[in-house]
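Chain IDs A, B, C and D follow the sequence of writing; residue 1 opens each chain.
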Amino acid sequence: MAQLELDAVRKVFTDDDGSDIVAVDDVTVDIEDGEFLVLVGPSGCGKSTTLRMVAGLETASGGDIRLGGRSIVGQKPQDRDIAMVFQSYALYPHMTSRENMSFGLEESTDMTDEEIDERVQNAAELLDIPELLDRKPAELSGGQQQRVALGRAIVRDPEVFLMDEPLSNLDAKLRSQMRTELQRIQEDLDTTTVYVTHDQTEAMTMGDRIAVLDGGELQQAGTPLECYHRPANRFVAGFIGEPSMNFFDATVRGDRLVADRFEYGLREAAVNDVAGAEGVTLGIRPEDVEVTPGTEPADDNEFATVVDVVEPMGNENAVYLGFGADPTDPFVATVGGMRRVEAGQRVIARFPPDAIHLFDATTGEALHSRSLEDADPAEPRI
Amino acid sequence: MTDTNTTRRDVLKGAGGLGAAGLTGLAGCTGGGGGEGGGSVEVLHGWTGGDGETAADALTEAFNEEYPDTGLDMNPIGGGGNENLDAVVANRLQNDDPPSTFANWPGPNLARYEGVLGDVSDLWEEAGFTDSHVQEAVDLHQYDGTFRAVPLGSHRLNCLFYNTSVVEEAGVDPDSLDSVSALVDALETVSTETDAVPMTHGASGTWTTTQLFGVTLLGTAGYDGYMNFVEGSPSRDDVQAAFESLATIFESYINDDAASIGLTESNQNIIDGNAAFIHQGNWAAGAYRNAEDFEYESDWGFKAFPGTEGMYTLHFDSFLFPANNPTPENTRTWLEFVGGEAAQVAFNQYKGSIPTRTDVDMSEFGPFLQETAEDFADADRRPPNIQHGLGITADQRSSLNDVISGEFSGPYDVEAATDGFVDAVSS
Amino acid sequence: MSDATVDDADATGRTERLGDRLRAELEALDAARVGVYAALFALTAFYLTPIESGLVSAFKTNPAGISSTLPFAPPPLRFFTLEKWRTAITALGRGMVNSALYAVPATIVSALLGSFAAYGLTQADWRARYKAPVLAMLVAGIFIPYQAVLVPLSQFWGAIPLRQLLTPLWVLGVPSAYTGIVELTITHVAYGIPICMVLFRSYYRNLSEEMVEAARLDGATFRRVYRRIVFPVSTPMFAVVLIYQFTQIWNDLLFALILVSTESSPAAPVVLILAGLGESMEGQDFALRMAGAFVAALPTLIVYIMFGEEFADGVAT
Amino acid sequence: MREFLSTARSRLRRAAGRDAGSDGDAERADGDGDSALATDGGTAEAGADVAPAGGTDGLLDRLDDRFGEDFTESAPFWLPPFLLVGLFVYGAIAWNFVISLTEYKGFVGPDYSDLDLDMYVRAVGDSAVIDATVNTFVLVVAFTIVALVIGMLLAILVDQKIRFENTFRTIYLLPMSLSFVVTAQFWLWMYNFNNGVVNIALGAFGIGPVDWIGNPQIVLWAVVFALVWQFSGYTMVVYLAGLRAIPTEHYEAAKVDGASTAKMYWRVIVPQLKGSTISAAIVLMVFALKAFDFLYSLVSGYRPPNGADILATKMVREAYSTNNWAYASAIAIVLFLMALSIIGPYLYYEYDKGNL
């Protein structure tokens, strides 16, 4: 097992017309031995390219990639001792599952047939697919193919697992099942893993750490809760969490924030954090917005709003609220699924001062994050 | 270059010898090696069907009888007139893999083989061919002053054949036709008096038309005008007059399907009584001989093409001698045989041609060929033909055929064809 | 007993359903439909007439049967003969063997090399600006008229001491004219590569890129990936290419004409013999020509009828 | 579950020839074990580390640096076929061009010391070459257009959800499997003056008989017709693939918009077949340039029927019938340039679409 270090990795594609497109820009992440790192970001953010550079399927245009302290840039993929699970599984259609799983060992080691067989058998048992070993991929369901693909990576016992959206072709139920299983297997095998996804649920639930990419640049690398509660910037804050964090542009006037539709009173800690900043963005997660029936705001953290739309989601309701009577530009709050809220209803929305985030309006950088009285962000407990 | 050639030939010879030793009877490698320059004589020729094949067989038989110890590998290459034969010869000459000898025409035609033909002057000398053959043969088998080939036989080209009953029905006396215009009048008579085609023509290849032009020019312009054309200083008026006569004949007196049939089908019209006249070389008579109930004089007749009486348009079938010969000695044996009486009698009586020797007893030949031989001996003039190599070079012949194809295959553009012909032969 | 009743009921049910379907279909046949089918049948007649006319003519005597019956009418008994087929098979038989001698190896080798080239030019990662000209030259190779290379080709084969190199064959008793077959094989391989390459390329471009990447990550070298993944996976395309290429090589006349020259050669391929068949001093024998045409076309017709789909795939690409 | 997994892992490790130890031990053991496992990788790594100066490895690396990662590794695949094609096709064309500059004729090898454009001058002044060029052009253009039109109509007809579609398609494509030589035999008989199907069919309408092969004004069109018979099935297959690629929604949308069937095809469907048309046209033109086989077989000889001489036949005749090699080479170059004027733009079009 080994530590994987990405050091200022860059990838520049040259377009047809000769102009350069920077796909990955100065990404630096250290992935500890045995760590499960999730690379997450919107499509086109460079996460797959980063992964492929680690695999050796793309050549890095700059920076260094080190595996166990040794640079692997310039090595051919087959020489890197890395296994990868692809989105399409990329199983060899003409081979049985057993042959698919043996292939890598046959090609990259000089193990005897018996040794290979034993390894394949063990991996198949680990994945609970021994009875599928003599079938060809076309005879397998999507979930079964996924397991074979995984088995193909596992038998190699590589330094690093790379997984490129491996669950995206599964239906929702299978996906959550495989999520858990993958996590368990990784935990048990204790192999350094880089996992690419655009699905933030996967990112939040699976990774020891997540690295959020946008526009080819690393936005933040940290534990899922760190990224959730202490987003490094407005992008991360908006990207992590569903529904997304609500943002309001405002200016700082002493201890008050003045926005288009409202004014908000800041606590002292927050005032200190925004000192010097003029324009800020106020962020608040929908689940932190407290909604109570009524029409009269009690203080400058409360606002009179009208319910625009209610999206019932079972366990909770997403409630779209408009300031005053104006239904344009609503913001979202989530309330318990059993609570009865109706469109047109007048409610009081409260932004608890310890739950707000403040970002620099121009750079997007986080100035102030919510306080976590009951949790140490460095040691998240779920 | 010569070195590698020799090597390759030697290897082949060796292979041939081995083949002969171990696996006699397999094509290409057979024959008994006969000492120096030995090995079978490989003879390429184009007589693959009909009387040609019979004649070639007779020739082979005669050779084996006379030279039982010399291997003979007759390699007939049929199809497309002599086109395929020529192509094979060309291919092998170009690859420096010449056969022992091959059938072709002498005269200016030899020019196309410049640089690859060997010298057989000594053979002509030793065998006394210069004395025993007609002077034209002696002249035309030389190129650059040395002998390159030996003649086997001669066809006559200025022939007009007719179906006796058709011309009788039309009331035409062929023997009275002594000019091309008289012929045209006779065709008109046939056309009005009978249902038959006045003159049958098979023009699917251009060569029949070029050949017909040759005799027409000879008939209209006479020997001198014809020779001027052949020798590179044609009179435009002569050429034009010949084309005008041809155009008249083609436009009014030939069969409807002339353009899509060949000589064979065309000749069949004479045998079937569907046509009155045909112009061809005397090989056409071979088909009459083979036809049932179709006898010379009673059913079909012959006369010299109108206007060419007293002349014999000359043609030779000869064997050429390639340099770098794989079997030089045996090839000489073959050529000496070819120019001899036995070969010429054996071959020509079946082929429908006559010997080129002047000393051959014609008693074994049929009446028509005996007559031809007499005409040959008595001829005032023996002009060389233009379509079969003796008068002009292969290049010129090809140009003439291009012109026929482009300008004179219906509609008949006399002006353009005249210009084309004059250009093609003018030196 | 009861079973039988059930069966009967089933049978009647089926007939009724069939009847219903027929009725429904007839009702659906409006004027436009009738027009479509009329056109389709007229075209069928157009495409089949030359073949049909050739087939019936091949059973007629020549010239009597050929000239006195309608060309598309079957031969009446007195003009019926199998002689032309016998003659054609005798004449073309050795040609069939000769054609197969070069068509089969040339097909296989050109397909393999085409597949190699396509793999090296699609799945390999090297700079497009260097790859494009290589590709363009290979693709353009499909469209070069053979005439543009004939003279040098004759020169080339004339200069190569191939006959010398093949001496062991001649010693074994193979006629030395078979040099031409070897020349034809190599020539057809070279000129077949471009089209095979293009056919395979379109297939390889649609291969899952991830599958090849997976194999490389599994430690397989570029060569091993071909051997173990790409080659086995392209079996369906090999069927298409082999069928197409075999038809092309079997049917080509020009190279055979130039390299073997004559139907009289012991090594003459079938097309060469056919081109001169039925034309002789005795006149054109159309019955023989037609019989010969069918004999010569037999292998490609069999391939076509058996693998029509693959053939269509090959030409459509 | 956890227990099971850890035993599984232990088993895995044992299979790899390692002792199951504590986690820490296992980790340390990993380093050795892995390098033992990935023998190939290890060697290559070492090679890369040492970076040998000058050796073949260095050269190959430099080549890869210049041309791209897999350049040398993929070379064994594409290079031999490329060299073969390069030699036989492009080498031959270049050689052909050089020969066309000589005076080479007959059987004494070409003299490469005296190169000029004489043969081209001669070709320009040769009315037979000019006729052949015109005929080639007419043949290529007429054949291509007619075959495209017929093929498209066939495709549209076959695409009408007809019954026995496969049978019809098979019949229409059948002639394509025949060789030019065979087709020529069939059509020689079809066009026979006295007893050919064509003249008998026309005779039923009181037309003819027409001398299809013999009449120089008609023969080229007769040849075009026969070639269309042979290859329109091919066009059909290409168009059918094109039609099938058009989503049904387009037909339905046009129908909903109230277009008649004819209008729908003309305005909506046919314009979408541009790609099919281009690729089919290119292939048809190439077939037309290969019509040599057909013309040769019609007459069993180098000189095609009067009025049907094309550059392809003229070239072969000049070379193999009269042995005017240099002149034939010059004609071949003219033919090659004609082909190039077709394929050049096509290749650019393909390149532009990113297909090269």
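Convention: a contact is a pair of C-beta atoms (placed from the backbone, for glycine too) under 8 Å apart; a residue touches a chain by one contact, two chains touch by 3 or more.
Please read these numbers as outputs of a predicted model, since none were measured by experiment.
Between subunit A and subunit B, the least number of touching-chain steps is 2.
Of all chains, the one whose Cα centroid sits at the greatest distance from that of subunit C is A. Counting C-beta pairs in contact across B-D and across C-D shows that the higher total falls to C-D. Centres computed as Cα averages put subunit B at a distance of 44 Å from subunit D. Per-chain Cα centroids separate subunit C from subunit D by 15 Å.
Averaged Cα coordinates give subunit A a centre that lies 56 Å from the centre of subunit C. Subunit A and subunit D have centres, each the mean of its CA atoms, that are 49 Å apart. Annotation for subunit C: residues 154-155, 219, 221, 257-258, 275-276, 279 touch two or more other chains. For subunit D, residues that reach two or more other chains under the stated contact definition are 38, 40-41, 69, 192, 194, 300, 320. In subunit A, the residues touching two or more other chains are 76, 78, 80, 108-109. Residues 55-57, 76-78, 80, 82-84, 86-88, 90-94, 103-104, 107-109, 152, 156 of subunit A are the ones touching subunit C in the complex.
The touching residues of subunit C, when paired with subunit A in their complex, are 208, 210-211, 213-221, 224, 228-229, 232-233, 235. Looking at the complex, you find that subunit B touches subunit C at residues 4, 7-8, 11-12, 14-15, 18-19, 22-23, 26-29, 48-52, 75-80, 84-85, 87-88, 91, 94-97, 262, 264-265, 268, 287.
Of all residues in subunit D, only 38, 40-41, 64, 67-71, 73-82, 84-93, 95-96, 99, 110, 154, 157-158, 160, 162, 166, 168-190, 192, 194-197, 200, 229, 233-234, 237-238, 240-241, 261, 282, 286, 289-290, 292-293, 296-297, 300, 311-312, 315-316, 319-320, 325, 328-329, 331-333, 335-336, 339, 342-343, 346-347, 350-351, 356 touch subunit C in the complex they form.
Only residues 32, 36-37, 39-40, 43-44, 46-51, 53-54, 57, 66-67, 70-72, 113-114, 116-117, 119-121, 123-127, 130-132, 134-156, 187, 189-191, 193-194, 197, 219, 221-223, 226, 247, 250-254, 257-258, 271, 274-276, 278-279, 286, 289-290, 292-293, 296-297, 300-301, 303-305, 308, 311-312, 315-316 of subunit C touch subunit D when the two sit together in their complex.
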